[in-house]
Amino acid sequence: MIRVAVVGASGYTGGELLRLLAVHQGVEVKMATSREYAGKPVGMVHPNLRGVYSMNFSQFSVDKLGREVDTVFLALPHGVSMNYVPELLQIGIQVVDLSADYRLKDPSLYKRWYDLEHPHPDLLKQAVYGLPELHGEELSGAKLIASPGCNATATILALAPLMGWREGDRFISDVKVGSSEGGAKPSEGSHHPERQNAIRPYETEGHRHEAEAEQELSRLAGREVKVSIIPHAVSSIRGALASVHSWVSNVEEVEVWKRFAEFYRGKPFIRIVRRGFHPYPDPKYVIGSNYADLGFALDSRLGRLTTFGAIDNMMKGAAGQAVQAFNLSRGFQENEGLKIPPLRPG
Amino acid sequence: MIRVAVVGASGYTGGELLRLLAVHQGVEVKMATSREYAGKPVGMVHPNLRGVYSMNFSQFSVDKLGREVDTVFLALPHGVSMNYVPELLQIGIQVVDLSADYRLKDPSLYKRWYDLEHPHPDLLKQAVYGLPELHGEELSGAKLIASPGCNATATILALAPLMGWREGDRFISDVKVGSSEGGAKPSEGSHHPERQNAIRPYETEGHRHEAEAEQELSRLAGREVKVSIIPHAVSSIRGALASVHSWVSNVEEVEVWKRFAEFYRGKPFIRIVRRGFHPYPDPKYVIGSNYADLGFALDSRLGRLTTFGAIDNMMKGAAGQAVQAFNLSRGFQENEGLKIPPLRPG
Amino acid sequence: MIRVAVVGASGYTGGELLRLLAVHQGVEVKMATSREYAGKPVGMVHPNLRGVYSMNFSQFSVDKLGREVDTVFLALPHGVSMNYVPELLQIGIQVVDLSADYRLKDPSLYKRWYDLEHPHPDLLKQAVYGLPELHGEELSGAKLIASPGCNATATILALAPLMGWREGDRFISDVKVGSSEGGAKPSEGSHHPERQNAIRPYETEGHRHEAEAEQELSRLAGREVKVSIIPHAVSSIRGALASVHSWVSNVEEVEVWKRFAEFYRGKPFIRIVRRGFHPYPDPKYVIGSNYADLGFALDSRLGRLTTFGAIDNMMKGAAGQAVQAFNLSRGFQENEGLKIPPLRPG
Amino acid sequence: MIRVAVVGASGYTGGELLRLLAVHQGVEVKMATSREYAGKPVGMVHPNLRGVYSMNFSQFSVDKLGREVDTVFLALPHGVSMNYVPELLQIGIQVVDLSADYRLKDPSLYKRWYDLEHPHPDLLKQAVYGLPELHGEELSGAKLIASPGCNATATILALAPLMGWREGDRFISDVKVGSSEGGAKPSEGSHHPERQNAIRPYETEGHRHEAEAEQELSRLAGREVKVSIIPHAVSSIRGALASVHSWVSNVEEVEVWKRFAEFYRGKPFIRIVRRGFHPYPDPKYVIGSNYADLGFALDSRLGRLTTFGAIDNMMKGAAGQAVQAFNLSRGFQENEGLKIPPLRPG
């Protein structure tokens, strides 16, 4: 049994980790920390977990973690994880960090995208970008996993099979996302009367997930790839669909199909969607699961290729993917704790 | 390994059974029948199950079932199950029937409530009403399980602890339900532009679930209990909340609380909700799980007691409860296949 | 042209008043006050009103109102309007108060229900409860109109025709309401991921609208009537449905129907709903309008009568009703500014 | 008073026309035809219009129309209007056709896009494409108005100011649309449990509105423009947002801003959105109105320009725009019948 802790466990991502780890047969959740709710029962903050956990939230303490756990899942805001990671690693704790703090390899990018100097640039090399479909082997034994962002995950998975081919290297990822992406803290924009029925573009000019998407896709392509991500808030709670557009010429469907089929062969959480009643990926049909449904549409008259990536942003876009990467790092079955199929209808 | 089949597997309830049975460690799903989709892949009709099942739907055949399975889950319309059950029992197959066909003990009630003569009144005695919180012991070894209706489940669970006390025996169950209760077949009323944002009373005069609710509650009370159920369609997809109103006198909160706590002691899928940020049951926080969250509100100025029952109508209101009852009948752990906690947010 | 001001114009009710008054042919909106947004354009806070109003919000000032307007609509929190009203009346301004501050005739009730001593009990007599279907004549020339609460409106309209009959005088109003009832200020409970898909009881024990409902209904009945209101938050943004339950004996449908038809004869905003594809009131079909759709369902087996009141809580439940009452007070056509039919689908 | 009829009045677009014409001060609605519901009350099919119209639906009859009306609004499926138009024109009736049947100038395009031979190619020249912001002058006195498609309207309005500039002529319009776009007829895809929470691409390869969008934009540009429209079904009922993407170089915000401001100067239904709490167009804030909110976002790092067009698809995307064009054709004020501001919240 691996003993684990979830740090920052009162937010949505932390709660989702607790939900998944509760049915993971290889772990024991020893601790859930929350500055705001320390001393309060987990089930008070997460009413879905009433009766599932009897523990209370505790204060974050490196010492206590050192004594009690083997792995820490960090579900903290960007800029906060940064400082905890080195200490945790030093005392031998494996870290799965769900913030952006260790996703980028080039330290200078933190300045540009997150407006901060990275205090531990050396650790960036050690960190494994936790997208198991791209870094499966590196994850084995990884001590520091930097779990990807949701919009980046949907975009990267929709584009990876096209990397390095003869067509262009500039893409527009028009993402539609549910309200859970914004986290558990209320705001004017998340107020139900304003958020429901919205189709609202946001962070339209320089979305931060572009940095990690370009890093991963350029690596795959072997040359510089550019991705402009433009998210739109839509009415659902969970779910993100990336529609990634590009102009192509002389491309036929069968070629795209083959690239996807080959690239993702044997990947348990990838489903390639192309035929039947539901011929395109729709996040609706992955809700509650770690699947990424991928597909594409080719407008041959104009040469517009759109590849689609549909995920549950709380799962494959956050907690589910973190558990998947953790599983690979520890030699568990890749889908341990992630077996329940998506809801329908849901 | 118990070999099972789901009959009527292309509807929502059938699909939900397949979803749960896929992760049940004591069963093997051998067959999924559908008249309409026989020969088509399960994942074509249930896009959530793409990659989960590789089988095709097959035609219903008693012979084939007899050769291949031990237990059949019937997810068929009312009036259809009726005729299949005796044959299946006769060849030794255990039947979990999710229709209303074997729920009522008194054959004459089928005439009154369902407008049909029951062809096998003798089997009604044998059938166990599959509400495990009330019939846990009878379920052990049961050959024919009549799985309860969703609105009946929410109503019965919200009322059971009050049965037989000094207060009155007449209740109004004002139920609010999501759209999945209507099944998978499109209609004018389920058309999204008409259904979304609706707060629509329906079947307001003689809802059929009253029959089974009154049967079960009267049995518990040891005297005749009357329940008027009035459902309202609201915007969610999953979820049902029964707000069961009655007039009381000289009742104090602590008494109600105690009755609930004692009645449901040790029941793994019952959560009694009374304090904290979410002091009343809300189906939102049981979605995807088999929990029933129960609670109450006492308006002491006027003597109005409202008890609440919140369930996921697809789970505790249908497929989840069927699996729970099946587990007890076969000696499995009560929550086998039903372990994943509810979604949040969802 | 009546010159009007909306005080507290940055909230939802204030914004809805501005929206309606913009097309009212007998008024000119001279001022919209907001403490928080004074100096900012109306269209910045209310994006729906961009291009409709070119004015900025201003600070509240009795002097300025005295110079510039004839009527003030107060869209302020309970307890705040109280203090402004006397001054405004004294300088000859008509007041339409949308708070609860002048709704109750008996000053002692403010202590019990709102926990405050009413500073101007004398004005309570002068105030007209602005439900035009009950107080149409008194409204003519009224100087102080106390506009009713939304849940009270739906409940009173659904019950008024039954008052004074031979049946009982105790009712349970199970109300289902959209999220706009909570106002424009974000909170944990209004956070979209928590609020969407909720079916959440709240203020279950002593909802304040009971006070005004009992006042109005008892007056109609000529004897003491008790109403227990229990609201439930559901997923829509606009809309409230009151399902008002009571036990009756020897009541036939035709009698109820007649009482409704006679009571509301000639009332332009009341629609009695009983037949056709949509046999019960559903707030969905009044959205954007000032209609109240009323109807009922009689469960004759058990003697449960449910009467329904469906309104758009922002319109007949707040701003629309205030404009309707204002119209009657000033001799305008009752539906001036309120002519646009409800949306469908919407 | 212009006497008008709505043909095909039982669908959503027909109902919306009836809703708007009910408050239009220059028209009298003499007839509403429906093959399916002839003889039935208008309010039975459109519950929002109960009490608004007392008339019944009637059968379509050219003779009767000839005797009783001056203008006919055709809300019929594509391919059906085609055949009625010539007869109606011949007997002197003005036709506002909301189908696609007279939108395209080049008859050969009907073959390619709608797979039918146009039976009256001569009338195509006479028809005025009813987008008032582009064809205001031609609409004056127009006898045949071809009212634009919803996705085409959102796309054209978002692109028109850019036409003919130095940048490229190839665009991707990623549209997000509510469920009312699919009309009033239920289907598997519109079934609430399937449609709610969907983010579902459809008609991804050759959406028919591309034909009219390219016609209008090429005309404006003076050269051939290509637009690939890819719609996505999202959860709202009303509302469409076109996010129109293109790659640009050396473009600055101020230039785009100026082109929009100048192009739409004085257009009463265009609102250009750029600053404040809601810096991008969101269809949410035009619901119930005829406004089109336009705006843009420039990703200067990568040279991605996105222009946005947000409309209520039932209004500016269908019935509202038809009334607006009719107003111009008859010399009414452009916003007659269209004055009510959008809902908020809604």
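In this document, chain identifiers A, B, C and D correspond to the written order of the chains, with residue numbering beginning at 1 in each.
In this section, a contact is a pair of C-beta atoms (placed from the backbone, for glycine too) under 8 Å apart; a residue touches a chain by one contact, two chains touch by 3 or more.
For clarity, every value in this text was computed on a predicted model and none was experimentally measured.
Engineer: Tell me which chains count as touching both chain B and chain D.
Structural biologist: Chains touching both chain B and chain D: A, C.
Engineer: Same or different interface residues for chain A and chain D, judged by whether over half of the residue numbers are used by both?
Structural biologist: same
Engineer: State the pair with the higher C-beta contact count; candidates are A-C and C-D.
Structural biologist: Between the two chain pairs, C-D has more contacting C-beta pairs.
Engineer: Please compute the C-alpha centroid of chain A, do the same for chain D, then give the distance between them in whole Å.
Structural biologist: Those two chain centres are 39 Å apart.
Engineer: What whole-Å value do you get for the distance between chain A and chain C if each is reduced to the mean of its CA atoms?
Structural biologist: Their C-alpha centroids are separated by 46 Å.
Engineer: Taking the mean of the C-alpha atoms as each chain's centre, how many Å separate chain C from chain D?
Structural biologist: 35
Engineer: If a residue has to touch 2 or more other chains to count, which residues of chain C qualify?
Structural biologist: Residues 12, 178-180, 188, 193, 197, 235, 237-238, 277-278, 282, 287, 345-346 of chain C each touch two or more of the other chains.
Engineer: Write out the stretch or stretches of chain B touching chain D in their complex.
Structural biologist: 12, 179-180, 182, 184-188, 190-193, 195-197, 235, 237
Engineer: Please output the residues of chain C touching chain B within their complex, sorted ascending.
Structural biologist: Residues in contact with chain B: 170, 172, 174, 176, 178, 188, 193-194, 197-202, 204-206, 226, 228, 230, 232, 234-241, 243, 245, 247, 277-278, 280-284, 287, 297-302, 304, 306, 308, 310, 345-346.
Engineer: Enumerate the contact residues on chain D facing chain C in the complex.
Structural biologist: Those in contact with chain C are residues 12, 15-16, 19, 22-23, 44-52, 179-180, 237-238, 271, 273, 276-278, 282, 285-289, 291, 293, 314, 339-346.
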